[in-house]
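Below you'll find the structure I mean.
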Amino acid sequence: MPNRVHAIFDSVPKALAAQAELLREGFERKAITLLSNEPIHQSEEAGGSRSHIGSFAILGGILGATSAVLLTVITTKRVGVVTGGMPIVSPWAFGIIAFELTMLGAILFSLACMLYESGLGRRGALKNYDSSVSEGKIVIFADCSSDLLVEKAERVLGKG
Amino acid sequence: MEEKVESKKPQWAMVIDLDRCTGCEACVVACHAENNIRIAGEGPAAGGRSVNWIRVERYYEGEYPDIRVKFMPVMCQHCEEAPCEPVCPVYATYHTDEGLNGQVYNRCVGTRYCANNCPYTVRFFNFLDPVWPEPLSKSLNPEVSVRYRGVMEKCTFCIQRIRKGEDKAKDEGREIRDGDVNPACVQSCTARAMTFGNIADPTSEVARLSKSGRASRLMEELGTKPRVTYLSRGD
Amino acid sequence: MSKEDVLKSNINSDLLRPVFKTGIGWYITVAISGSLLLAAMGAFGYQLYSGIGVWGLNRPVMWAFDITNFVFWIGISHAGTLISAILRVTGAEWRRPVTRCAEAITVFALMIGAMFPIVHLGRPYLFYWLAPYPNSRGLWPNYRSPLLWDFFAINTYLLGSLIYLYLPLIPDLALVRDKAKGLRHKIYSIASLGWRGTQVQWSRLEKAVGVMAVIIIPVAVSVHTIVSWDFAMTIRPMWHSTIFGPYFVAGAIFSGIAALIMAMAVIRKVFHLEAYLKPIHFNNLGLLLLTMSLLWFYFTFAEYLTSYYGNERVEKAVFQSKISGAYAPLFWAMVVCCFVIPMPILAIKKLRTISGTVAASALIVVGMWLERFLIIVPTLSQPALPFNWGSYRPTWVEITLTAGTFGYFVLLYAVFTKLFPIVAVWEFKEGLTLADHAGSVAEPQRLVAHGD
Amino acid sequence: MKRREFIVLTGVGAASTTLLSGCGNPENALIPALIPDDTYTPGIDYWKASTCALCSAGCGILVRTRERAANKIEGNPLHPVNKGALCARGQAGLQVLYNPDRVKGPMKRSGERGSGQFESISWDEAAKILVDRLADIRAKNGQASVAFSLGNTSNVNRIAAEHFMSSFGSERFISAPVSSDHDDLLFNGTGQRAVFDIANATYLLSFGARFLETWQSPVMYSLAYGEFRRGKNRRRGKFVMIEPRMSTTAANADEWLPAAIGTEGLLALAIAQVIIREKLTPNPVSPNVANGTLDEFAPEKTEADINLPAEKIVRIAREFAASERPLAIAGGAAALGDGESIRAVHFLNKLVGNLNMPGGVFEVEQFDPLAKLGTGKPIKWAPLSEKDGYEGGGSALLIHGMNPVFHSPQMTDRINAFQFIVSFSPFIDETTQLADLILPDHSYLESWDIQAATAHHTVWHADLRALQPTPTPYAAIASPAISPEFDTKQTADVLIDVSRQLGQPLPFESSEECVRKAVSEVRRAFGQAAEISDEDWKSLLESGVMTGDSKPSGSTSGLESAKAGDQPLAISTGEPKPSNDAYPFFVLAYEHAALGYGDHANLPWLQELPDPLTSVLWGSWVEINPKTAASLHIEDGDLVEVKTADGSLRLPAVLFPAIRPDVIAMPYGQGHTAYGQYAKGRGVNPATIAGPYWDAKKRFGVRASVAKAAGEAKLVRFGTSLPEKIDTPR
């Protein structure tokens, strides 16, 4: 069980400086977590992993469209409505349903992807949290795999 | 795109000779009696709630004293390309193999969309429950459902009579022929202005009359292909 | 954006104040709007008990207030998501205090609008027959019906809008969670899904909101287009029109912006957010409203001109009933409300003040309600066969239901401001930070501040 | 419960329990009494023949019954009058049977007379009251103090009433004074009937005869009209209608001529004058004109009075004479006066030589085998409007099939003067409200009846390759289509019962027996055995019609003597004109096509049937020419007050483009103060200002004023209010 060191900073530059120093000290990017109440675009932490939200949206869209075609065409033919020989499958009309379900699929999949990637909605998500973030403070957590790193972290973050 | 499948069943159609029609409205009451059409009452009728599956429209032409009147009985035209059918979200209105525009009362949820898309304004909605004071309800036709509030209704070409006629023909082991089926309006018509029959049978009277030089269909330009043909007045 | 006005340290207290402190005005608002809603529920109960005949509908006018309200509220709903999404996608910085306000309008207007297809049914308790669900009765929806398209489009839009409202709300929920105690804390803990504010979370959130904004724009356009197709797909005079799609979308955005301006003005006044919702926002939205007013006029003119010039018998009857017949007073009231008065107010810079834009917006909301009514009722009351022409007069039930929708809307909005910060706290802060950087670090494309 | 009934209950009951369990008392949920049990199957339609009683044309009907309820009336295809067709009124007969306002059983007055308070009594008690009171009144005031008022009723009831009155010693029969009857005016009341062969005519000139709606036998003439228009092997006929207000019949005409009201005779003579002066006919006999010579009626001289251009009259005359089979009919306002107009119109038929010719007018002799069932003495009808004999109190009035208090409100006092009033009406109408005793008759669908007449058709004879007149004597039998819905009794049976109690039994013991005897008479007349086998009787009740051999009589004596030449035509020029400033308009009160003169106002189907021309339902209205209305600042739907010398009415105005500007028109039919929930308190009764409908002499000349009145008008329409032009199929 690695040790976790955390510190509270008043301002973004100080927190960023601490982050940079930790990185220099040999911390992995993943091991440092910056908590803030607004996005810090200068932080390098975010760039650490690529987001799949876009791809998932496309995937969701494709699945939505496919299910729409299945839902409309197959069920309409299967349900056995008496139509007196009139054609019942209408590509134009069904295209509209397909569009809506494409979008629905994209929305749901990107939401799911976002929740998964950002670790929201999980049990114990709030384990490592400090509510001073709400006051505008910047909080840094550093996961230390060794005592040496704990020492380093405490040294660096002690400034905050 | 799918193509329309031709049915081998009889294709019901009507021809109305406007030169014979006198506007007497016998058909209207005959229809009320046969199809259990509600009595709206004065108040609802004033609010546009009276129901006439078949009505006799009246139009004036000219100015006094050279004025002329046109009577035109209008009921559901049983369009081959019915605008009411595709808009129903629950298939309550549908097309039968015999070319009728069917209406399943129990399916209807009452969006009234079909009525709004009917260029002939022949669809009637049950805004409230019908009232049949005793013993008036005894005159209800047991073969036709009484429609309660919230559903759309319209002319069925007396589907119950069509079924009976077809059953009879089947029992006798023959094809359907002229005279087997007559809706209540056609049956009662005092000037014999209406003819009903199987238009798919080229020897039938409706098939013959619908090819008349006087024949036209109401608002044909909309492409609805009505199954009711009107024969115009005059020579 | 002049940061002098707002101290970052005050933002939390300013924007969270409505959530934690409740004034007497709020209770009065809730009481009034709530009683309107109760009256409408009573009216609906009466309608369920007696049948839809308690409305003024008849043959041939089978739709009237019900579908007018439906189209109107769906139109209002475009305020939001669409505006917020467009502004987000185009990176308009001044949007920051406006977005949540707009998104909330969308969700509530959509909830109200989506009720009407159910409320208006002859048998409302069977509305679920429109949904494709396995059953043993041989029921299945007809996907060819525009009502089914509505069903799918509105559901997609409602779900999308809710998510689009909810995603940017998560950090603010966390904010409230941290300030709240007891049960409230627990509820907000659940609602905020354990948001911590890590940079990964921030990045994913911004990414997701960005993707959602892109998706929601075509959905919103499709929704109102499909609503317009309820009419345009028919073969009725002055409904069967190819421009109905864009016409309705333009009208929807038009009325949506107007509703947004009014909502913003009320919030600004009531919650003392003068420092956040500034004249510049009203000015910018006013300019957008002006554009839409012109666009609306253009569409209306085009629509009526074609009817007039075509001189087709059936269309002409409807056209004339609107221009000079029974519906002329309403028609010209609509033109005055949507164009004649608002256009100059919005076009003249001096008049484009907060009160000016609000006045114009109020007129536009009324005018756009009339527009929907005038699209529906005159066409229905004048069918192709003139023997069947009719007229329409609403009953108290329909009027109560309509009034109730406004009550419901206000109530929902009042409750929303009670539960959630109506201005996105983190977005506003982010904006300030970015503006700070704009002074030092060059990042111009992210800082296009309109008119600031 | 009898054993047999029990078996029926268990047998049929088992089959129909599920179907009928909701219908209450299981005995009532059983089968029609008249259908033999062993032939009855639930779920199968049974058709019973009867005769329509909603107007005097006597169309044959078939009643569809199932599960002890009648659910449809259709025309009887075997009946020579209507050949299977049936008008709106006839279709609505079901609502006579199942009307919620029917009298449910015998009742006696319990409150003040006219208060409408009655209490139910048993038939035994009712008969006792009737017997006691009549015996009492006869003892005190003599036989003549008992009067029987009979209107439109079945033959069985009429024959029973005849015998009853005869055995009672009274000859006091009161009828509605139908002075305007076409055939009576034409034949001077000698009993012949005229039938017009519209089906084969090529040119039809109708002087106000609404033969497609109300005149004589509308269904028969509608069928003929269809042939006239589009019959096989013939060209389309031309139809010209002369009428001050366009009726539904006139709406079907190729040409409508709004001649001044009451100038029908004048116009007929003008046409005759043209035909004679231009020698358009091979036999140009001149009519005997009372006032001067025919030349004075030349269109050029009378055009102002007729208010039609002379050229138009000349053209019509030429067309009429030149046509192959022209035909002129008179009715409506032409009955004004003492029949001169009718005879003048009829003269045109004589002039073009179409008497008893295909496409012309036929004289039909009555086929009346039922006469033998009566007392043999001709009934002496006295009009109720005659004053004598009704004062003096100690008198009794039995009234059946008439509602004089409604049709002629002025008579109320005279009716009230009777000490004892018995009504046989199945409904509490205005007259029945005054009754002391109500003995409700069956509806016609529950009654026995027989009608006999000669139907006249001219048909194409294939062998002779010519049109052949075929007068066909027939009899139509009406048997109860259904067992009585309420505790009512056919009036004939009541009279039989009462006569028996009075010790003077009638020659038949029931209405059914009366019909059986009549059938024997008919069979004898047809040259068949008088006795009828059970089998034949059964099939007769199903078919409802017996027809004899058709044999053209060839007699034209009646028509010939009816020719205008024999009797001077007292038609003068220069009348009438609404010269009176106080009353500048003629008011034309006409028969409502569906509601008649008000006797069918209690049938909701007919109340809700839009008037074909104005589309009004559930109420009264007055038709005004739009130009007239504009000059009076009256708009469509406004409440207006119509005033005549006799009184005033307030009713909604309908702007009607097809009416003379100097005429306003309103239908009879509404304005009931009783007669059940559908009729009561609805619209106005024109009889109060224009006189009773039977007083044609008066009602076509009533002058009136019209002005906008304050208040909200109740005008219900089905179609649009204003006339609209439209591209209809041509």
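By written order: A, B, C and D. Residues from 1 in each chain.
The rule we apply is simple: contacts are C-beta pairs under 8 Å (C-beta built on N, C-alpha and C of every residue); 3 or more make two chains touch, one makes a residue touch a chain.
Bear in mind that the values here come from a model prediction, so they are computed numbers and not experimental data.
With centres defined by CA atoms only, which chain is the most remote from chain C?
The most distant chain relative to chain C turns out to be D.
Which of the two pairs, B-D or A-B, is linked by more C-beta contacts?
B-D
Where the centres are mean C-alpha positions, what is the separation of chain B from chain D, in Å?
Their C-alpha centroids are separated by 31 Å.
Taking each chain's centre as the mean position of its Cα atoms, how many Å separate chain A from chain B?
Whole-Å distance between the two chain centres: 61.
On a C-alpha centroid basis, what's the spacing between chain A and chain D, in Å?
Once rounded, the distance between the two centres reads 88 Å.
So, what's the distance in Å between the C-alpha centres of chain C and chain B?
Measuring from centre to centre gives 43 Å for this pair.
Pull out every residue in chain C that's touching 2 or more other chains.
140, 142, 144, 148, 385-388
What positions in chain A touch 2 or more of the other chains?
Correct list: 81, 88, 90, 93.
On chain D, where are the residues touching two or more other chains?
615, 719, 724-726
Taking the touch definition from the header, please name the shape of the chain graph: line, ring, star, complete or other.
Chain contacts: none of line, ring, star or complete; other.
Could you please write down every pair of chains that are in touch?
A-B, A-C, B-C, B-D, C-D
Okay, in this complex, where on chain B does chain C touch?
44, 47-49, 55, 57-59, 74, 83, 86-91, 107-113, 115-117, 119-121, 123-129, 149-152, 218-219, 222, 224
Okay, in this complex, where on chain C does chain B touch?
50-63, 117, 120-123, 126-127, 129-130, 139-142, 144-148, 151, 230, 233-236, 380, 383-388, 390-391
Which stretch or stretches of chain D touch chain C in the complex?
615, 719-720, 724-727
Inside the complex, what are the residues of chain C that reach chain D?
Interface residues on the chain C side: 313, 385-389.
Which residues of chain A touch chain B in the complex?
81-91, 93
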